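The chains carry the letters A, B, C, D, E and F, assigned in the order they are written, with residues numbered from 1 in each.
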Amino acid sequence: MAKKMAILPLLFIFSVLASSSRALVQDFCVADLKSSDTPSGFPCKKAAFVTEKDFVYSGLGVAGNTSNIIKAAVTPAFTAQFPGVNGLGISLARLDLAIGGVIPFHTHPAGSEILVVIEGTICAGFISSANTVYFKTLNKGDIMVFPQGLLHFQINSGKSNALAFVSFSSPNPGLQILDFALFGNELPTDIVAKTTFLDIAQIKKLKGVLGGSG
Amino acid sequence: MAKKMAILPLLFIFSVLASSSRALVQDFCVADLKSSDTPSGFPCKKAAFVTEKDFVYSGLGVAGNTSNIIKAAVTPAFTAQFPGVNGLGISLARLDLAIGGVIPFHTHPAGSEILVVIEGTICAGFISSANTVYFKTLNKGDIMVFPQGLLHFQINSGKSNALAFVSFSSPNPGLQILDFALFGNELPTDIVAKTTFLDIAQIKKLKGVLGGSG
Amino acid sequence: MAKKMAILPLLFIFSVLASSSRALVQDFCVADLKSSDTPSGFPCKKAAFVTEKDFVYSGLGVAGNTSNIIKAAVTPAFTAQFPGVNGLGISLARLDLAIGGVIPFHTHPAGSEILVVIEGTICAGFISSANTVYFKTLNKGDIMVFPQGLLHFQINSGKSNALAFVSFSSPNPGLQILDFALFGNELPTDIVAKTTFLDIAQIKKLKGVLGGSG
Amino acid sequence: MAKKMAILPLLFIFSVLASSSRALVQDFCVADLKSSDTPSGFPCKKAAFVTEKDFVYSGLGVAGNTSNIIKAAVTPAFTAQFPGVNGLGISLARLDLAIGGVIPFHTHPAGSEILVVIEGTICAGFISSANTVYFKTLNKGDIMVFPQGLLHFQINSGKSNALAFVSFSSPNPGLQILDFALFGNELPTDIVAKTTFLDIAQIKKLKGVLGGSG
Amino acid sequence: MAKKMAILPLLFIFSVLASSSRALVQDFCVADLKSSDTPSGFPCKKAAFVTEKDFVYSGLGVAGNTSNIIKAAVTPAFTAQFPGVNGLGISLARLDLAIGGVIPFHTHPAGSEILVVIEGTICAGFISSANTVYFKTLNKGDIMVFPQGLLHFQINSGKSNALAFVSFSSPNPGLQILDFALFGNELPTDIVAKTTFLDIAQIKKLKGVLGGSG
Amino acid sequence: MAKKMAILPLLFIFSVLASSSRALVQDFCVADLKSSDTPSGFPCKKAAFVTEKDFVYSGLGVAGNTSNIIKAAVTPAFTAQFPGVNGLGISLARLDLAIGGVIPFHTHPAGSEILVVIEGTICAGFISSANTVYFKTLNKGDIMVFPQGLLHFQINSGKSNALAFVSFSSPNPGLQILDFALFGNELPTDIVAKTTFLDIAQIKKLKGVLGGSG
């Protein structure tokens, strides 16, 4: 009986704590993608509408389509695909590399990356500001870290398909693919030539392949 | 006379500085709680409507109600109660512990804490990731720091009421009370058992006290 | 001929750029674990001694030993095991859960986490500051995010072994296992009782299992 | 022919990468100044409406008006004037100092500053928390750094006009001019006197010059 | 019997978790003040030598000496006095103001501040970058926040002693006292005059009081 | 006479404040380049040995040598050259572009950049993660911002020498020159080919020019 009376005040105090806490919770901030982004990420979906589904994403369970000439696919789970990571400083992507597949030179302007090889053999590397090359062949279970903003690549160097997951130190690390940046837009050929020392013919050839104009 | 003429240009230059400055001031960002939160905090109330009242809060001047079985109360001045701290990396709360009062094990996921004892005697402690226990009896005027995210507690270990103020390295440090998390919601009893090694009877007993179901 | 002469100055300018860059590079900061840690991480190994091996770790390629009563193992690649992640805001760990295996309730005080299921079926969940429970059964390829500092768990809910990789938004996220914190050290039984509301008998039983004293 | 067929899949893969990337880009966040500010800066202008003009500002190309008694002018390119810097951690301003011109003691609460002398001779200095004075005469091409939040000044100490550019480690460093803060608002004279030890007559004189009341 | 056997493996797994965790713990970083500071704070004392005493400080339990002409005293618990706060983003100080006591205009270049009045009545205020004055009389239990880097003051406006605690969003917020910066060092009088518009006589008078030369 | 007596206590209080402040000052952290770097920058030179010279750098006062085939020079004032910027979140560099000069495509992995044109005409641009090109011709006094980590370039598009200063949101922004990364090191030609789609002949030609092997 005494215990029963005790229960109410305890509930009371915990309720007070909980309700004040509830009002100001920002353990997480599931992105409301319809609002405007801010420098720290998207505004938060109202807590009342958040469910466990906001923290789970199934889009990486299926292999990306590698029927293309790089024989590879990147499937991201960044804020746009997986709003639950907004504001949490982390995201993930899936890499599929068919035999001979390559993820060409690229950078992530806003995040460092760790790759873990799930299947196959991958030759991966990056180049530092001091222009040193670090590359190594990775087998199943090996992991490699790529520091933020540096040019890096992954090549399937084995005889079977390769699968890897890559995580990033940002919910929105960005992705700048070198070839795409140089040859896949309307940057004029003469500017590309002046700023890369590549031959005009080489530039035009790759602009042709990658759909660039100018 | 010369002086009077000098005044106008001086006013002019300072006005220019002030108006440009005024337009872009973000010394502070009083929370507009009606807007959606973002990962960095709430959008700012328009500067024109900000007054000195936004930077002052009187809600901690009254003792919390300790008529409950923990014989203690936490009164927060986080962003939700005190919008002036939004974006400023700091907040405060008041702890009242009646004789025998206890703030049970809890964490603040998003901030470190400093406690200062104003009245009475408090036994306080925390446990590190390395599983070392650090606890000590604190007297009036003593301060103790609790690193971010670690389990900690406060117990009135004296013979009179105790009062303390706690400050946090975040305007919104969060608050996860262990008992409340384990026994005060709908997390199924078998999951609690599997993930804590507690006996089913113990879990059911505390779910009864704390209002948990499942 | 003119071209050959041109080469030398070009080398010259690039060398200048490279050498100045080389002197001040801090693209990365491989931990010198013999030095004292700082709030931002360990001092850096000298760049001249850094090789590709510093950025690759093979310790997650082997399953952890799950012959224990939780039937599970966590194998971390944090700064201590993988010094290449120091200062880069990211790390990784491997989770092995045998049939019936459980990673009991724990927190990471300094990082958010993403889990990707590689094999098997895992029931995973976390509890928010507002005391809401978010849990879900995850299948192969599913990912789930756990916000920083919140209590969470993983249970093998399938009929075969489960394997997952978890990445963190910190090179050193910390790990506080609830049972271990409450029952695996010298925190006196009466303090545990007061701060958790658990029965003395329950506490003593688990202290027995987990090696706690006091 | 084979090549032509290859092109389409390559375009396909790059398009996929590009479109996913496009959806979640936050390389930059040009301020939408009509929205409410947040602690991390203004919400972003929609990417579709961003052009190269958002990243270029011509307002610093013209000398500020130095026909005032400080014989100096500060022309800022902070977020309010140059929305392209929002969220990027940097901004710029132009300093013009006529002969005898002075930028009086001021602080930037939210950013460190580097000054580069373009024309003329400037005596610049700051005072540390330890109350040490650091000042030096700077000639054309010299640069000086002023740590965040400290009182500093610049004086044209040469016999011709001086021009400098100053950059800040924040898109919105703030600007608190000492004289303006003390004498250019409605802070009551007796409070100024108590908190500065200045004589009442001195305070009233400068309030007169700077337009302060109270 | 089975249970007894189970205990050992459980101990085993937890030991593994604990020892790996132990090796890489950085929940806290008690300052080793004999080492050189870094931009993120001091290197850490070795964990093996850390005790509960490192997290507790008793230096604020005694009133500061207010027998001076400002009739006030500031007693800090920053990193230098309380090494346990190093790296934790928070610190504390005690303010004693005798009747008529004043903490003159000052800034903290590296932290925001919250003040809580424990005894007496305090008139406190700050001035924004937009040159708006925010000041208010605070009674026992009232709290006020002062944004980072802005000029602020506290005056005992009651008829008895006043006591307050102030917390900061940095373990080392810095302290620049305006009068001390202007009149308490060797900054030449003519530079002070040019950069403040104060009269030479006023400057010399206060240099006399505050021990400045030049 | 009374005044003289008052002076001593005032000195006393200010001395106390000053000496405590002095002990814990970290307004700045001039790099001790002989110590090991950390993720937050270099350890600090002892305050007692810091002079005004540590905050001033004259190395940007002289034009860089543009007698090379890019007809351009970059002269940095990063931590290695100007230790005073360590920990302050900002740095500067000087760009000299002779007629026809070009700063080829490059990135700064760790900082955003603002360029201000001092002399001449510069065509500058960058490419976003979404592969949009933003470029514009800048005249004297124009400024342009380049977001962190993105490929960008500068070309002297006028008929006279051009001079610009560029500031960065980091004391150590890094510098990765695209051509140098691809063709100026020992990265094997076949890897360059696979990861860039450039022709082998083109790669070998530029490796020849830039000194690359492999």
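Heads up, the rule we're going with is that contacts are C-beta pairs under 8 Å (C-beta built on N, C-alpha and C of every residue); 3 or more make two chains touch, one makes a residue touch a chain.
These numbers come from a predicted model, not from an experiment.
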{"item": "Chains touching both chain A and chain E", "value": "B, C, D, F"}
{"item": "If a chain touches chain D and chain F alike, it appears here", "value": "A, E"}
{"item": "Of all other chains, the one whose Cα centre sits farthest from chain E", "value": "A"}
{"item": "Between chain B and chain A, distance of the C-alpha-averaged centres to the nearest whole Å", "value": "33"}
{"item": "Sites on chain B at which at least two other chains make contact", "value": "18, 21, 25, 27, 35, 38-41, 109-110, 125, 128-129, 131, 135, 147-150, 174-175, 177, 179-180, 184, 209"}
{"item": "Category of the chain touch graph - line, ring, star, complete, other", "value": "other"}
{"item": "Contact pairs between chains, per stated definition", "value": "A-B, A-C, A-D, A-F, B-C, B-D, B-E, C-E, C-F, D-E, D-F, E-F"}
{"item": "Contact footprint of chain C on chain E as seen in their complex", "value": "6-7, 9-14, 16-18, 20-21, 23-27, 29, 32, 35, 38-44, 46, 86-87"}
{"item": "Residues on chain B engaged by chain E in the complex (per definition of touch)", "value": "18, 21-22, 25, 27-28, 47, 51-53, 55-58, 60-62, 77, 82, 84-85, 88-92, 111-114, 116, 118, 125-126, 128-131, 134-136, 138-150, 165, 167-169"}
{"item": "Parts of chain F lying in touch with chain C, wherever the complex brings them together", "value": "35-40, 65, 67-70, 72-74, 76, 78-81, 109-110, 172, 174-175, 177, 179-180, 184, 208-211"}
{"item": "Contacting residues of chain A [partner chain F, same complex]", "value": "102, 104-105, 107-110, 123, 125, 127-129, 131-133, 135, 147-151, 153, 155, 174-182, 184-187, 191, 194-199, 202, 205-206, 209"}
